[in-house]
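The structure under discussion is supplied below as structure tokens; questions concerning it will follow.
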Amino acid sequence: MTKEERMENLNRLSGTDVKKCMKCGKCSGRCPAFKDMDIKPHQFVSMLARGKVDELLECDAIWNCLSCMACVERCPRGVAPAAVVEAVRDTVVRMQGKNGIKAEEIPPIVDELIPQQLLVSAYRKYNK
Amino acid sequence: MQRIGVFICWCGSNIAATVDVKRVAETIKSEPGVVFAENYQYMCSENGQQLIKQAIREHNLTGIVVGACSPRMHEVTFRKAAEEAGLNPYMVEIANIREHCSWIHKDMEEATEKAVILVRTAIAKVKLNAPLTAGESPVTKRALVIGGGIAGIQAALDIAEAGFKVDIVEKNATIGGRMAQLDKTFPTLDCSACILTPKMVDCAQHENIDILSYSEVEDVKGFVGNFHVKIRRKARYVDETKCTGCKLCMEKCPSKKGLNEFNMNLNTRTAIHIPFAQAIPNVAVIDSTQCLKFKTGKCGICQKFCEVGAIDFTQQDTFVERQYGAIVVATGFKPIALDNFNEFGYADNKDVITSLELERLMNAAGPTNGVLLRPSDGQHPHVVTFIQCVGSRDTSGCGKPYCSKICCMYTAKHAMMIREKYPDTEVHVFYIDVRTPGKNYDEFHRRAVEQYGVDYIKGMVGKVYNENGKLMVQGANLIDNEQVTIESDLVVLATAIEPEPSVRKVATLLTASIDTNNFLTESHAKLRPVESPTAGVYLAGVCQGPKDIPETVSQASACAAKVIGLLVKDKLKTNPCVAMPDEMMCNGCSQCANVCAYGAITYLDKEFRIGGGKTEIRRVASVNPAVCQGCGACTVTCPSGAMDLKGFSSKQIMSEVDAICKK
Amino acid sequence: MKISYYPGCTLRTKAKELDTSARLCAAALGVEMEEIENWQCCGAVYPMGTDEIATKLSAVRALDYAKHHGGKLLTLCSACHNVIKRTNEDMKANGDIRFRANNYLKLDEPYEGETEVLHYLEMLKNVVGFDNIKKAVVKPLGRKIGAYYGCLLLRPSGVMAFDNPENPTIIEDFIKAIGGTPVVYPFRNECCGAYVALKNSELPKQKSQKVLASAKEKGAEEVITACPLCLYNLQVNGGDILPVKYFTELLAEALGVQA
Amino acid sequence: MQEVTENKEFTPNIVAFCCNWCSYAGADLAGSSRMTYPANVKIIRVPCSCRVNPTFILKAYQQGADGVIICGCHPGDCHYVTGNYYTRRRIALLFSMLNYMGIEKERTRLEWVSAAEGQKFSAVMNDFVKTITELGENKRLTDLRVKEGE
Amino acid sequence: MKEVETKMLERAKELLESGEVARVVGWKKGEFCYDPSPATFESVEELKDFTYDWFCGANLSKYLIQISKKEGKTAVFLKPCDTYSFNQLVKEHRIKRENIHVIAVECRGKFDIEKIKAKGISFVTGAQLDGTQVKVSTLYGEETLEKSDVVLTKCATCNKDYQVQDEAIILHERTKKDVDRFAEVAKLEAMTEEERFAFWREQLSKCIRCNACRNVCPACSCVKCVFDNPASEISAKVNSDKFEEQLFHIIRAFHVAGRCTDCGECSRVCPQHIPLHLLNRKFIKDIDNFYGEYQAGETAEGKTPLTSYTEGDTEPNDVFKGEAK
């Protein structure tokens, strides 16, 4: 796939129009996981717009986005940065051997209170 | 017998490069009715026009077709030329072979063929044209200004100075508008009241100006030169002619808990009040929703104390009706409501305020006598954070899609004023872009940064919240790619502005066109920026689009110039392309009047001969040609086809259809 | 009255008390929660990718069932509510997803978002009415309680249409109805960070402690939530700053219903 | 024999009614911006889209037009304040009726084009010409009376 | 029906004798029992021909345009559907309301002689309603038919109520019918484009351009019809080319859109039995769908759907969207 095609794929998968961004940074101003994001929410939007697909596919931030929708909620331009994050994450986990979490990693961190939905959602978010 | 002349313009190479102009002229020569066809390099030039005039005279032409650029460009030019040669100017049709042909097609064959058809179409139409004469209507030499802010004041003063009578209708108890609420003005930092109040006084004293304060436009009829306006004078319960503005009533009034609108509700006022010290007219008004006399029937203390007997609790709304030749709309703006922006904590925290509230907090006549104190506890704020673009440039539906234009400058002004007055105060400004085009504007903003040390942070704020008594302003610093949280004492929101909502009603009354953001639309963005498409209506100030004081004043003066230009005329020429009913076919059914946006159609009972020496009386439509704007809505609504439009008659349009379609 | 009810995976296991207390309270208030047949786990997180179809089908099945059983679907867990409500919006407004999902499911009649998705809190507010709850309370709580909304109930507000996303009031009104004093604190609509707990254990700690500290600072004595995931995170990672309970547990307490 | 003529490259004849204030100006802008569209679109200038009588549209079909498009100011922006609101209702009903009578609904179109939308004007015309070319010659609107076999 | 007729006659006599009205508009007997025709009665003597029976289907409202201009008051008998046309004409200032005395008369549907004849019954001498059946008397005896087979098409789906009356002569209550007047339109809509085209082609090809539909239509009451007006560029006495039929019917339906009260007279009088009401009803159905329910003639004031608007009206290009489902 060419870079343009991968860019196109991410755009389509995210379902959001990154060209609408006016670079105000409100998404990053609001993001509760900001410090743990190596690529910041506003950068997801601008990097996709500028075709920096490879950098996006290699970032760690996709594992730290909380999917809390705070960025989506308050974007003054109707852009959904979280949808770009998810599009990147989906693209990564759909690649061979790129699952975000491995079954064997789970047991050591599971305590007996952990709710099912955390496991289910982790599998859905991080694995394919 | 029709004698049509056809003139094909080359427009240099603009047309001639794609359309074989000679061939077009040659082909057209053989069209029935065409007695002359010529082509020339520039028809609009002096020589080209000469050619047309000469042909009209020599060949005794009854109508001409010019194949050239868009009629929106030179129709008037060619009509004038025809008129000078003795031909009725409405016997001219333009075939648009430039914008609609040569410029959009590349193939010469194709373009030439299309040009021929377009010219034929124009010939078909011109054959059915009838000579038209523009009518005349008189001009009432008096202007109405709706809104008494700086825009209305300036327009009124300029018109009055030229010797025409002007009425200012202001819905509030005093003129002055938003500018009266401001503390200082950018980029010079002079005191707003100091430059505004002399103008207010000038208005009051000018023999040609009549201020109708506490009044609203109720109804508008008529048209350019002849507007008939009904104005509601709201009951102020104080006789304007008697009140001396001594303020004794305000001292005595026991109802002191009314929110002071002039101070953005930051403090209170009495039920009977004069909005502010320099109000014009300097006359009290009673807030009947607050006054004890109205609420309980008891009290009336003000009446007892008023030495001139000005208080009248029985006063009712009254109406005045006047004729005007022109109307200036200057209804102004208000900051938007912040209900959709709870992330900035405006509703929950007293110390989160709007910029207009800050103006009052900084103003010597404001609730804190000009000392900057935070509303929650009356303490001096040590860290003040400004957030720009609150509700502006927002296409998510929460705010306004446009840039409010004035916020960058006034925020710089506020930041500077705070740093000037309280050098120990830290000032931060979150901005998306700083937009400061204008004379000495960017310099002004740079002074805030360089001279006053205001901290400008590029990024938007995501959340303002209260923690341990501090306002935490969490936002992005995009330059450093970090998220910052600034502990602040006062947060100021540069709130988007929107047209004063009452403008909707005014627009409807005036049939002035208005956009989805409630800004009135100008006739042409560049060339007719102060005129509404509705003739005789002019636009000044924010009602037309966001603008600052210098721009508003310029626009107001421009309006005044336009109004004066209109009022010096004794008669106005009217557009002759108006609707005209055929009374013999009219049913009098009122369908046409129902769709007329201008009220141009009335009905008469007329006597008609019906044969056998008998007559009958029928109700028939009658169009006032001075009022009709010629849209044609009525012509399609008319079931019998009695209504037709001069210059665009059904026959003419159908002949054009035929000419295009016939292969 | 009867109402179709979708419990979801966690309410059957780790969050039984949420389910049980909710059912008992509803019964006490005259609402019968009828568990829908053969429900499947909603997946616990709404898949945003525009080509995600299969992951939404369990929600669509539940919605379609409810469409034929009263037209309303009651949810309790915030995550289920978020997933089902957003999927329903897709079925209503997104022609592509609607077409493809129906293509998979081959229902007798295509599902087009007809069902109304109702959260238990919305049910209390709009079906039962907070005034009626107030009347039914036998033991007013009289405590200072902080409502924790988290993210899932509120956002994206355009779809969830649950409450004002920045200044919600429904749980505060609920607290008033059961005789408590609501404590409004700024972090009640901030994310607790639980979703990433398996990948990044530090972040959920910081976020949940911030939430509870904020509630405590404004005077709350305890915090209530509708979300098992939040409850887990606030309890395990919240640093024991304040006790955290399900809102239905407090409702049961106030109504005097034995859980 | 007829087959052969039908297969000949078909260039439709299209009549466009444009209001003077918005769409005609939009067409002018398309021209001055050199945005091309096929030459078989011919524009008739009317003061307002509300001047367009359904009769004109039908007449065009009678005279051999293959497609008719009406362009006006966007609703709310009418130079005559309300003209295009009436257009919108009249044309909506007319379109629905033509469709009801089995006339291809793609043949007649209404578009709102402002004076600033030169690009849109050109795009609309390109698309419309394409649609009509695919649709082929207008037959039904001149054919309704003649029964099969006659 | 005889009792109703008697009452009407009594009242007409009274009104004429007392001089309260100068004339009465009603129906007079025809050559046969089934062809009564609208008539004006100016004296008691003239009333000898007065009739009101199951065949009095004609709508009298349109006649009032001319009659209401005459000196003195006019009494008129109006059936429910006629009252809508009456109101619409008052709204359009065509009838002088103050000159008219409206007597609402009972109507339980009128019979269609064509439908009776179609059942193979001829030499009809009378017809009476008997429950849900109709007893038709002929020279050769009596026949019984179902009422639903005999009533005029326009009556079959009529649920109209009197919209205006100065007095009433109603002896029997009408029963509301559980019918959808748009069912036939919906059926056509559900067809494919080709089928619809074939349907209308078949129907309109029958038109002989006799103008009966136009002449009977209360909404088509123009002083001069566009089709008779050379300036309109569409005038034509006969169909000079194959296109003009559709032009005529589309334009006619369009001219009465928003004003048509659905009285059904056009189809009743069409000698070629073209279901012209299906064109008008399509407009009515669309207007209801796009702009909210509207019934022309319900009031004598206010604007029609085509002379009003809302800012959020349906876009013309969206009118087909409903189809996609």
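Order as written gives the chain letters A, B, C, D and E; numbering starts at 1 within each chain.
Just so we're on the same page, a contact is a pair of C-beta atoms (placed from the backbone, for glycine too) under 8 Å apart; a residue touches a chain by one contact, two chains touch by 3 or more.
Since the model is a prediction, treat every value here as computed from it, not as a measurement.
Separation of chain C from chain E in touch steps, taking the shortest path, is 2. Touching chain B and chain E together: D. For chain C, the chain whose average C-alpha position is most distant is E. Inter-chain spacing, taken between the CA centroids of chain A and chain B, is 46 Å. Spacing of chain A relative to chain E, judged by their CA centroids, is 67 angstrom. Distance between chain centres (mean CA atoms), chain D to chain E: 36 Å.
Those residues of chain E in touch with two or more other chains are numbered 226, 232-233, 306-307. Shown for chain C are the residues that touch two or more other chains, namely 165.
Residue positions 343, 463, 595, 637, 650, 654 of chain B each touch two or more of the other chains. The set of touching chain pairs reads A-B, A-C, B-C, B-D, B-E, D-E, using the touch definition from the header.
Contact residues of chain C toward chain A in the complex are 8-10, 13-15, 41, 43-45, 47-52, 55, 77, 79, 151, 154-157, 165, 190-191, 193-203, 207, 228-229, 232, 235-236. Chain contact summary for the complex, chain D toward chain E: residues 54-55, 58-59, 61-62, 75-76, 82, 85-86, 88-105, 109-111, 140-147. Residues 13, 15, 20-21, 24-25, 27-28, 30-32, 34-37, 39, 42-48, 50-56, 59-60, 63-65, 76-83, 86, 90, 122 of chain D are the ones that touch chain B when the two sit in their complex. Here chain E touches chain B in the complex through residues 69, 91-94, 219-226, 229, 231-233, 255-256, 259, 303-304, 306-308, going by the rule given at the top. Touching chain B in their complex are the following residues of chain A: 20, 22-31, 34-35, 40, 42-43, 70, 74-78.
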